[in-house]
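Below, subunit A partners subunit B and then partners subunit C, in two separate complexes.
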Partner chain A sequence: MIFIQTLVFGLALGGVIAVSAVGLTLAYGVTRFINFAFGEFLTLGAFFCLMLAGMGLPLVWAGLLAALIVGVLGVLLARAFYDPLMSRGLLPLLVTSVGIAFVVQNLVRMIAGSNPFRFPLPLMRPIDIAGIFVPREQLIILGVALAAMLAVHLLLRFTMLGKKMRAVADDPALARVAGISSRRVLDATWFVSALIGALGGILLAITQITVAPQMGWHFLLVVFAAVLLGGIGSPYGAMIGGLLIGLAMELGATYIAANYSYAFAFVVLIAVLILRPRGLLGGRG
Partner chain B sequence: MDLLAFATGLISLALIYGLLAIGLNLQFGFAGVINFGYVAFFAVGAFASAIVTLPPPGSEAYLEASARYDIGLGLPIAAGFIAAALAGALLALFIGAVSARLATHYLAVATFAMAEVVRSVLGNETWLTRGEFGISNVPQPLGGVISPESYALFYLALTAVVVGLIFALLRRLGEKPFGRLLRAIKDDEVSARTLGKRTASAKLRALAIGGAVGGVAGALWTHSLGVVHVGQFVPIVTFQIWLAMLMGGSGNHWGALLGAFVLIAIREGTRFVGGIPGLDEIAAANPSFLPSLRFVLIGLLLIAVVRFFPGGLLPERRRKAPAAPGTAPAHAPPVPVAATDGPILEVAGLRKRFGGLAAVDGAGFVLRPGTITGLIGPNGAGKSTMIDLLSGVQRPDGGTVRLAGEDITGLTPEEIADKGLGRTFQTPRLYPSMTVWENLMVAGMPRGNETLRAGLWSSAARRRAEQAAAARAEAVLAELEIAHMRDELAGSLSGGQRKLLSLGRQMMRRPPLILLDEPAAGVNRRLAGDLFDRIAELNRQGTTFLIVEHEMQLIMRYCDRIVVMHQGRVLAEGTPEEIRANAEVIEAYLGGAVA
Partner chain C sequence: MTAFAKGATGVAMGMAAALAAGTASAQEDPIRIGLLLPFTGQYAWVGENVQPVAQMIAEEVNGAGGIGGREITFVQGDTEGVVDAGTTAAQKLIDVDNVMALVGPTSLSFSGSKNLIIDNGVPMVTPTAGTTELDRACQDVCFRTVPSDALGGRAIARAATDAQYLGEGGTAWENPVLMVAQSPAMVSFLEPIERSFSDFGVEVAKVIEFTPGKPSYRSEVQEALAADPDGIVLVAAPEESARVMTNAFQSGYDGGWFVTQDQTNAEYIELAGADLVNGTYGLEEVASEEGQELNRDFETRYKEYSGDDVKIFGTNTYDSMNVIALALLSDQMDDGEITRASLAEHIRAVSDPGEGKTQVTSFTEGKKALEAGEKIDYRGLVGPIDFDDWGNIAAPFGIRKVQDGAWSTVAVVPADALN
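For the complex of A and B:
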């Protein structure tokens, strides 16, 4: 009984992680660096959604509009701060992304204050399935997460943009020779990455019921675990990694020790990395 | 007086951050390890030292201070510092062992994550650390003896002594062969491995020393505050240390120290943002406004420093080689060819696939000792992959490689290099941020001299080894006619000079078998001829060569034998005359045009 409920919660949390991880890993595939400011897309998504809902927009529209806004912000941030450093190797990009994370997180705190806000989700009665109470929120999260991942799958598989993104991820030089404008692919990638991140942030706000300036930065660690577990740069790996990490965290918190749920994410991660240094779906290092 | 205490406190703090920046600099600026979890060493050092030195629970001092904690060993402060260093080093060794196989990205994330796990453990294990409450009453050295008024000054002196000692020690270490090896690893780890360097263990040592330094900094900090709690060790501390190191200039301990002073000055400077008129009302409504504004400024500074001052305030300076020794330059004696009548290298059925492409597909050939063999073939024939497989840079999927009769298939590059196989790369993989002289010295330094111990204690034998290597470097510089460039950075050399220097690195080692990947490509014709004359001279002294080259005239003139590869297989093998007359070769390689 508890086990099945834990599974449901684990899958829902896993869905949130998976969506966020896909956003992070998509950007990695094209740009080749891990964006430490990715967590701020989650935070911004949740806060914009909160703000727009507060202005009277229905929650669904507030969420979609928030994701679009964050997508555009993602492109602007990348153009202003990452693009000039693209030719300078890994470290400047990593450190800059950390700097952006601090700036954005603290700007949010300057405007909104440190205290968490309640996410304005209407109260919902849990569904009773064969004697097991499944909260509707968890099902909604899982549904949205699966839909988002399906959308990413369709994007990568069947659209020209998706094919170009995969081409650039495979071999940037070759893609350029083939006439793919890396400029536009880069913009599109940042847009999609930030948009998905914002969506993940909104889902995270639903699971946590609260919205706080440091939520994205804290969650980043778990997202990293999922990305590395799946194999960096592999969107499908990130999906699997996210679900596994979510399950591990909920199961660990229920059956082993509640206050170590973050640590469990890393126990799983480290175990996998020792066995397979490039993750489950072995990306290109 | 208050101002004086404030200033001395800040200088102590800057010194402690300087120590942290130096420890990080050893890990990144020297060994190139991107550690985004450095704060963890600071944290375990602080807790270790506090717990070791706290009076035991139940003791008189414990009751008197009405303290609350479960573990206190009541040992002297010095023991606390040692425990802090050990704790930092052990944590670093653990992190290094777990993540040794990870590539750079993974390492940055893994270290970041591990620091968070450490913080989570310290926060949850309340029996050890009292969690969020922290431990107060951490003893202060000579706390009861020195008057409270002059204590800040005393602690500053203590900090200065500890930081100064460690600084001097690490600077000395950085200029020794150990430090040189670390900088080489940072520039190009694979190429260091093909010179027989045990890079993994050298990096682990750098990590451990950096960890110990971070631990000592933690001890210095916790005893100055008298309080330790887990909330002090959040990730932004790590990135402030990065900021200090990057501002100062990585690879340079003076820079790291200076960067820390600038960091503290700026950090304290941002405290006065509260003085800006008009901010009061906002700050009154939102108590986190001003602290957040300070972090925004620090974040912007981090971005700006990386973008606009990549070298930092004190960029790593070019090291000047010591003056050439007056004694006549001594060449490295050629390593004698293994006493075997058989071939020096036997390759059989070697295979390597990349996805659907069989780059090397069952190739085999034999090298006789004392010969020069050319390895030719059209682009994509698998020549460079062959060199990578023979030298261990890539692992073959099948087949065997024997060096002087011994099976070396699948060994690591450093093991193969030790067995007497040297190689150069098609694009010379030098250490661009090191000078020509240093590039040679790294190559020629025996492993026993690159140890940590050799870096800390010098002995007559070690000085002799350094002198011997320096003498050989002079000989190589003279032989290659690049003595005038000895203090130039390798990264500033022309393409031809790089090729010369990469051959020079092998001349420092004199392995019996050297594989050269396109030594004359991009080299002007006269220099290319000179280069091959040197190769012929080395060959006369006993070195066997396998040379990948497209310049047919050179190949035909200098090689004793030629192996032709085509589509991953050996198409033909023979003397230059035989190859010239081979119809198949002409068809595959020369496209029939010359026939």
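For the complex of A and C:
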């Protein structure tokens, strides 16, 4: 019974990680650099949602609008800070992304304050299914996470934009020769990456109840773990990696020691990387 | 939006305070006081809550002519809420800024700055460190205006095991579980609470320590609920506390809760949600009848000054700063010279009770009495502020309960009930 209960908890946490990981890995797949400011898309998503809900918008619309706003902000940030450095190698980009992360985090702190806020989801008793408590919030999280992952799958497989993104990810020079505008693909990639990151942030806010300026930065570590486990650059790998990391954290916390749930995520990561150095789906796009 | 508007107002207030501090520091030979507190990181709210109150008292002092003509200014030492940064910040305040006294540190970083404070003989009057590590840390320079966690923990156990302290309809707990976040400020409560429950005839069914900062605590909550508790004592920062209580609610728990001073305030109800925390017991330091009136006056004054309500550690800061300011004045009036060593002696001189002393409750009152040649005994918002040999204060505790979305006091545990 406890095992099934733990699986329920692990899947919901995994869903949050998976959505966030897809956003991060999608941008990596096209740009080939790890955006350390990605965690701030999560934070901004949660805060914009909180703000819009506070203005009276229903939570669903507040979430959607917040994701769109963060998507646009993602494009603006990339154009202002990343695009000019694209030709200068990875190191300047990495350092810049860390700097942006701290600037955004502190801007949020300056405007909203350091004290955490409660995410405005009503308090709900769990559903009791044969003695297993299934929190309704977790059903919402799982539903949204599955819908988001399905949307990314449809985008990549069945839309022209998705095909262009995959083409640029595979070989930017060849894609350019084929007439694909890498500028538009880059913009679209940053938009989708930031939008999904914001969605991940909203799901994280639902999971952890509270919203605080450093929430995305703190969560970034497990998102990285999921991205690496799935195979960096692979959206499908990130989905699987996220779910596995979530399950590992909850199972480890329940059966070994609750204090080390982050450590279990990395134990699984190390074990998989020893057997498959490129991750579960590394190299398969 | 209201919260964000408050945030923006807070930023503006902070800038104004910084400007005021800058103006003061431009004066000749100011007396520097170090604010050794977290101003960034997860616990930045501590610094944000303390600084405006300290600034308000400093402005009162400076407006009344300062300390022998010298203004009080502040230097921030950002501990970031961690030991390493706390050590560096303390070193800078003590060695580089040459501060005369410290407001702070918190329990989070005390271990890192302890030796620096003692070795350099810098008087500290901390409004925020309840840690048991400070119970017997030093006799000469360490003072605090917040009761030790050892007393707080004992008050929780006393109240939870005795229905007379739980208000109407309250029943004594028989199978409590203790959940404690693994941070220095919180772990300090663990041993006193567990031992005190045992002293009062009830064994804690399970002690669960958990890592702060996790997105959820469902596994820890499962472990707690497996012991079938009739009440859970929760010792954690407000953010983690809200998560643990929500996760327990989502897992079907409907037993009792007892939280510490950090959560016994209106902000916690707002953060966790009134529906969730309804019926929760909390702990607070209580003042005498005289003190209650003073608290109301302070709340009004602070609201006028900052536009904000008094937050956690606000009253403790008021007492810390008044004690420091009065001790500075008393020291200066003594022989015209202020040193760290003499200041520590004057902290006792202005706060110890004694025959023929005039009781004062603010800097302005104390200054008037000192100038009239009287000896003074500062009585504060959190109690009489009578430091023991180790700089600790004893205080009765109020047991509060969330009822209809607000805290109300249901009982007072007198100091002698904690023996």
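Assume the second predicted complex is superposed on the first by the 283 of 285 C-alpha atoms of A that agree within 3 Å, B and C clash if a C-alpha of one lies under 4 Å from a C-alpha of the other, contacts with A are read in each partner's own complex, and residues count from 1 in each chain.
Going forward, contacts are C-beta pairs under 8 Å (C-beta built on N, C-alpha and C of every residue); 3 or more make two chains touch, one makes a residue touch a chain.
No experiment lies behind these values; they were computed from the predicted model shown.
Novice: Of the partners subunit B and subunit C, which touch A:273 in the superposed model: first, second, both, neither?
Specialist: So A:273 only meets subunit B here.
Novice: On the A-aligned overlay, A:84 touches which partner chain: subunit B = first, subunit C = second, or both, or neither?
Specialist: first
Novice: Looking at A:102, would you say it contacts subunit B, subunit C, both, or neither? Reply first, second, both or neither.
Specialist: In the superposition, A:102 contacts subunit B only.
Novice: Considering only the touch criterion stated at the top, classify A:224 as touching first (subunit B), second (subunit C), both, or neither.
Specialist: A:224: touches subunit B, not subunit C.
Novice: Mind working out whether A:172 is in touch with subunit B, subunit C, both or neither, as first, second, both or neither?
Specialist: After superposition on chain A, A:172 lies in contact with neither partner.
Novice: Output the subunit A positions appearing in both contact lists, the one against subunit B and the one against subunit C.
Specialist: Shared contact residues on subunit A (touching subunit B in one complex, subunit C in the other): 109-110, 113-114, 259-260, 262.
Novice: Would you mind writing out the residues of subunit B in touch with subunit A in their complex?
Specialist: 34, 36, 98-99, 101-106, 108-110, 112-114, 116-117, 120-121, 124, 236, 239, 242, 246, 286-289, 292-293, 295-296, 298-303, 306-307, 310
Novice: Write out the stretch or stretches of subunit C touching subunit A in their complex.
Specialist: For subunit C paired with subunit A, touching residues are 1-4, 6-8, 10-11, 41-42, 44-45, 48, 182, 208-211, 213-220, 222-223, 238-239, 242-243, 246, 249-252, 267, 270-273, 275-276.
Novice: Can you list the subunit A residues touching subunit C in their complex?
Specialist: 2, 5-6, 9, 13, 16, 51, 54-55, 109-118, 123-126, 128, 133, 135, 137, 204, 207-210, 212, 214, 218-219, 250, 253-254, 258-262
Novice: What residues of subunit A sit close enough to touch subunit B in their complex?
Specialist: Residues 33-34, 36, 81, 84-85, 88, 90-92, 94-96, 98-103, 105-107, 109-110, 113-114, 221, 224-225, 228, 232, 257, 259-260, 262-263, 266, 269-270, 273-274, 277, 285.
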